[in-house]
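Please go over the structures that come below.
Same chain, two partners: chain A is paired with chain B first, then with chain C.
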Partner chain A sequence: MTRGVWNLCANILELRGVTKVFKTGLTGKPVVAVDKVSFALREGEILSLLGESGSGKSTIARMILRFLKPTQGSIIYRGKDVWRLQGREVLEYYQEVQGIFQDPYSSFNPIHRVEHHLKQALRSLADGKKNFDEDNVIREAMERVGLNPQNVMGKYPHELSGGQLQRLSIARALLARPRLLVADEPVSMLDASTRVDLLNILAELRDEERMTIILIGHDLSLAYYISDTVVVLYRGSVMESGHVDEVLMRPKHPYTRLLLDSVPQLDKKWEHRMGLENGDQDYDELSKGCKFAPRCPKRFDKCEETPPLLTLGSRRVSCWLYADRQS
Partner chain B sequence: MLLEVRGLRAYYRTLTGYVKAVNGVDLQLGEEILGIVGESGSGKSTLASSIILPKPPLRIVEGEVLFRGERIVAPSDTSGLTRVRYRHISIIPQYAMDSLSPTRKVYKIIKDLARGLGDDVLAKARRRLRRVNLPERVLDMYPVELSGGMKQRTVIVISTLLDPEVLIADEVTSALDVTTQRAVLEMLRDFKDSGIVRSIMIITHDIASVYQVSDTLAIMYAGRIVEHGPAEKVIRDPLHPYAQALISSIPKIGIHYKMQKLKGIPGNPPSLRNPPSGCAFHPRCSRSLDECSSREPRMVSKDGRRVACLLYE
Partner chain C sequence: MEQHTVSRTKEFLHHIRRNRKVKAGLALFAAILALAIVGPLFTPYGPLEPTGEAGRPPSLEHPLGTNTFTYDVYAQTVYGLRSSLLIGFLGGLIATVIGILIGLAAGYMGGLVDEFLMMLTNIFLVIPTLALLIVIAAYIEYRGIMIESLIIGLTSWPWTARAVRAQTLSLKNREFVLVARMSGASGLRIMVGEILPNMFSYAIMVFILQFGGAILYAVGLDFLGLGPTKGISLGLILQQAVLWNAIQLGMWWWAIPPGLIIALLLASLYTINTGMDEVLNPRLRRLE
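Right after this comes the complex of A and B.
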């Protein structure tokens, strides 16, 4: 299904060499938050952007949502550069692409009732046209995310739990009938026992409506539970990407391995001491070569040069260890 | 027994009534790492503060806390605490790492805290920093210059400088990345195993991470402990329906929703102002009996642990 100006493309979204540089402090010292990141999503795919703090994962989300402009590179949605949209195209873009965010408590103005927030969103998306029953559309969106309209209509945000509020933000995003949902850490502030329900809702949206979803997070188990593909980021660069089984069950990159080793799992206890290694270098110390090299147990001479993004079967790895094995 | 909590009830006084955050807790702490796990509003942080830092609007309503058999906390009497606080029982409150004064260097912060204890405290701080693989220059840095993991490790070093017997750590890993989280938890394990502290209570919402370093686990719900026992038993074969539902709702790497769909716990967390009658979990429990709404379950011993559920009485 396409609306308006959008083309049918093999990839619904494509990032091509996207870079974001922030200027920080009084001196304007540049910090490269996202460094030549490229990846693509097919329609109906769930892709997880995985990384720790400082990996640039949220910056990528904000660039896709047009909150931040890339310093270099382009973001292509159905054949159009999203940073070259003009006039009405921008509104049409937000009808296609919607976001939900980490903190459901600060996503709603506390002085307005629940339905007000949804009505407001509906009106700004409808762009003046009103040929539908607002209440009905809102009810439908609430039911879609497992909220009982009778229980939440008329309430203020503080009367709802975090899980209910996060469902409400999905409902609000769904009002646009988007084709791509960018979910930035949507469950990390929720209680453990409600996280999986929210992921199940996202999975249903994909299975029943073929919605494409980008999930940003740091929890590898949650990412495995719902994703088709994962992109592992470290300090702004892609370390490894590919099918979730390939990357998380048979990791190649030393950083992916370190992440998998550190993730606490209920089915196994950490066996060995990892030791108190120190991954806290300054960003500018790492301007040359592989960004993970200072912490990498496998580093060698070659790592002083920036590794290429190698294709190994269906996955891509940015590591010199595999330079002679490219397929 | 190092620390003993007996029938403790601690409520917050508000304009609209009491919030019953700790509502009848019995707990014994020996030389072990005990993980106290609960979701938001379970009363886990209040339990920590009522043991060592009760202050208004929190009030001890009932029960007592004993340290080595001596009473340190009782209703309207917490005078026993000043003797033991920091020297014998130390606490790292939630958000402590973000509460370090930004205008004082780390060594100044230590000097302020250890006033009157002589200069060897700084020497000891230096040794401890080396032990946890932090450079000594941390002492000459401002807290803002430290990364999250370094800051949290520094906070743990500071709070154990007087070699307390008991350390209470409230959500010390929740703001950290997984790789630094592991380093901090292993550091706590090392402090326990090397005898710097004798026992640690780790309070957290993250059951998978605390399981990695705990000897025993206690699971809290609505101000009570519902199950308490050896970590391995509680995780592998939980008895309480809440513990079962919680543990089975957590995904593991290798479980994809298309192969195995997981379920969360239905319903919403209980109100602590007005908790459900009987067992507080009964409105959300898939195995509840008729009497669960009227009768409060007692803590009973079952299969090597303690559990509070009418199914086992």
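Right after this comes the complex of A and C.
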């Protein structure tokens, strides 16, 4: 399945200590958006990056897609450092790795018809097929994501619905026949019925083509519905990661528990949410120690030091509570 | 398929037709343009052709009278208007094109390219342009209209470049540009095919402003005696009128008409500009 310069590796993608610091102006305080994040993906896996807004999940997506350069650490795709690719290798990377964004309306240039966006991808990324009929390939790609080509061909982005555009975004990304798809909140701006349709398309891609998918979002139930592994982020750091059943069904980290508790449930009244009173705590004083400590109901003295990423069975937790139980 | 583009153009034209400023400005500009095009047909004289009568007030023979050198002021004005419009058009076009190219390249490429191009822009910004124009103009022995437009165009692009750079910076991180990058589009393709078309309305406005600015600059140069060495322009008429005391000698027909036309021309351009602003920016549109 490899093309070009890529090696066969146990992990298709690996993040090693990836950090992104944004500097605001000359005098502004630097903001640490992503703080030493490490995780790995195996081929054919669906991984959900979960976290509230500001947790750095979109920044991670943009670093993987080569739009933002990590301040520290490396992102390794099949044995190659993504940020050391040069010239043609970048194009070859985009043949392998594609992305879709949250806002389908801004993913399309308003002045071009929709098929312009697909043709661009087809011309530069679809390799080895010189004599194909462009229109046919585009029609097939549209049908594959559940669109009727007759309804969308020749139209401008503003004439289509969000759901149609998001399907087109996926169609465009698929034209390169990528091995890894980074989907940054692909369904959060769509209504509930379209949501499940789109997630099913992604799940099909995984099942039929063993495509690896990074799904970014904040919806725990959607993540549970589709993913194999989850990574829970809080203020740029990994709190807990592991198999979806372990992390979401038997959460260890207090933050994961809080997240699960804030999912509205039909059989419970909206009363027992915990630890929210400290939600607006100023971030600055927390530069040392556990980032979640100010909101954590179980904090103790030890939390003033940065917790290590502990391995508990197949999962990893960043919390002092489990320091003595590491396997 | 085609009906969508048609409907967009239609919508654009609809808003133009509804906007009084654009309509008034365009009408005035069209009248001045018509005067430049057909005006010379109504006089038998050339702009620098002695008529034998000096300092005559307006008459049927000479609609705007004659000046001290026996030239027909009407002929001078209409021919001078032609060259002033040409200088405005060429100078404005050169400044707009250079400004857009430099701003686009600096904004999209960033890094060293940006540093270098912005350094160049800032140098051009702080150089006192009029002084530079005077020096350049003084060094060139033969100065035609083309040279004058070139000088003006080459010195008035920096503000445009800065503004275009700022627009490019905000557009280049929009998702559709990122998507084009993922689609394997080259930098040039993204700049020309994705970012530039989104600044089209801005480019029109810049051109209108640069057009007016170039006319004004040319008048200033002419007035200082650094205009075309041969031929005539509105600024040159004004310069001579002032130099030979037209007003003091009561020859108002020598000084007022060319000045009035310059004022009306600039007024029409700025009115079109503000009106187009309302047409192109839905938030400024008035509900009538």
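Criterion: the second predicted complex is superposed on the first by the 307 of 327 C-alpha atoms of A that agree within 3 Å, B and C clash if a C-alpha of one lies under 4 Å from a C-alpha of the other, contacts with A are read in each partner's own complex, and residues count from 1 in each chain.
The rule is simple: a residue touches a chain if its C-beta (ideal position, glycine included) is under 8 Å from a C-beta of that chain, and two chains touch if they have at least 3 such contacts.
The structure presented is a predicted model; accordingly, all values stated were derived computationally and were not measured.
Partners chain B and chain C, once the complexes are superposed on chain A, both fit on it without clashing. Touch criterion not met for A:22: it reaches neither chain B nor chain C. After overlaying the two complexes on the shared chain, residue contacts for A:260 are found with chain B alone; chain C is out of touch.
Contact with chain C, but none with chain B, is seen for A:108 once the two complexes are overlaid on the shared chain.
In the superposed model, A:99 makes contact with chain C only, not with chain B. With both structures placed on the common chain, the touch criterion links A:91 to chain C but leaves chain B unconnected. Look at A:125: by the touch rule set out above, it reaches chain C but stays clear of chain B.
Taking chain A as the reference chain, the count of touched residues is higher for B when chain B and chain C are set side by side. Vertex at chain A: the C-alpha centres of chain B and chain C lie 80° apart in angle, rounded to steps of 10. Of the two partner chains placed around the shared chain by superposition, chain B is the only one that A:248 touches, whereas chain C remains out of contact. In the superposition on chain A, contact of A:226 is made with chain B only, not with chain C. Put simply, chain B and chain C get as close as 11 Å, counting only Cα atoms, in the superposed view. When the two complexes are laid over each other on chain A, chain A has no residue in contact with both chain B and chain C.
Residues 52-53, 161-164, 191-200, 203, 218, 220-222, 224-226, 244, 248-249, 258-267, 269-270, 273-280 of chain A touch chain B in their complex. Considering their complex, residues 62, 65-67, 91, 94-95, 98-99, 101, 103, 106-113, 117, 120-121, 123-125, 154-156, 159, 169, 172-173, 176 of chain A touch chain C. Considering their complex, residues 39-40, 132-134, 146-150, 153, 177-183, 186-187, 205-209, 211-213, 235, 245-247, 249-257, 261-265, 268-269 of chain B touch chain A.
Residue ranges on chain C touching chain A, taken from their complex, read 1, 4, 173-185, 189, 194, 197-198.
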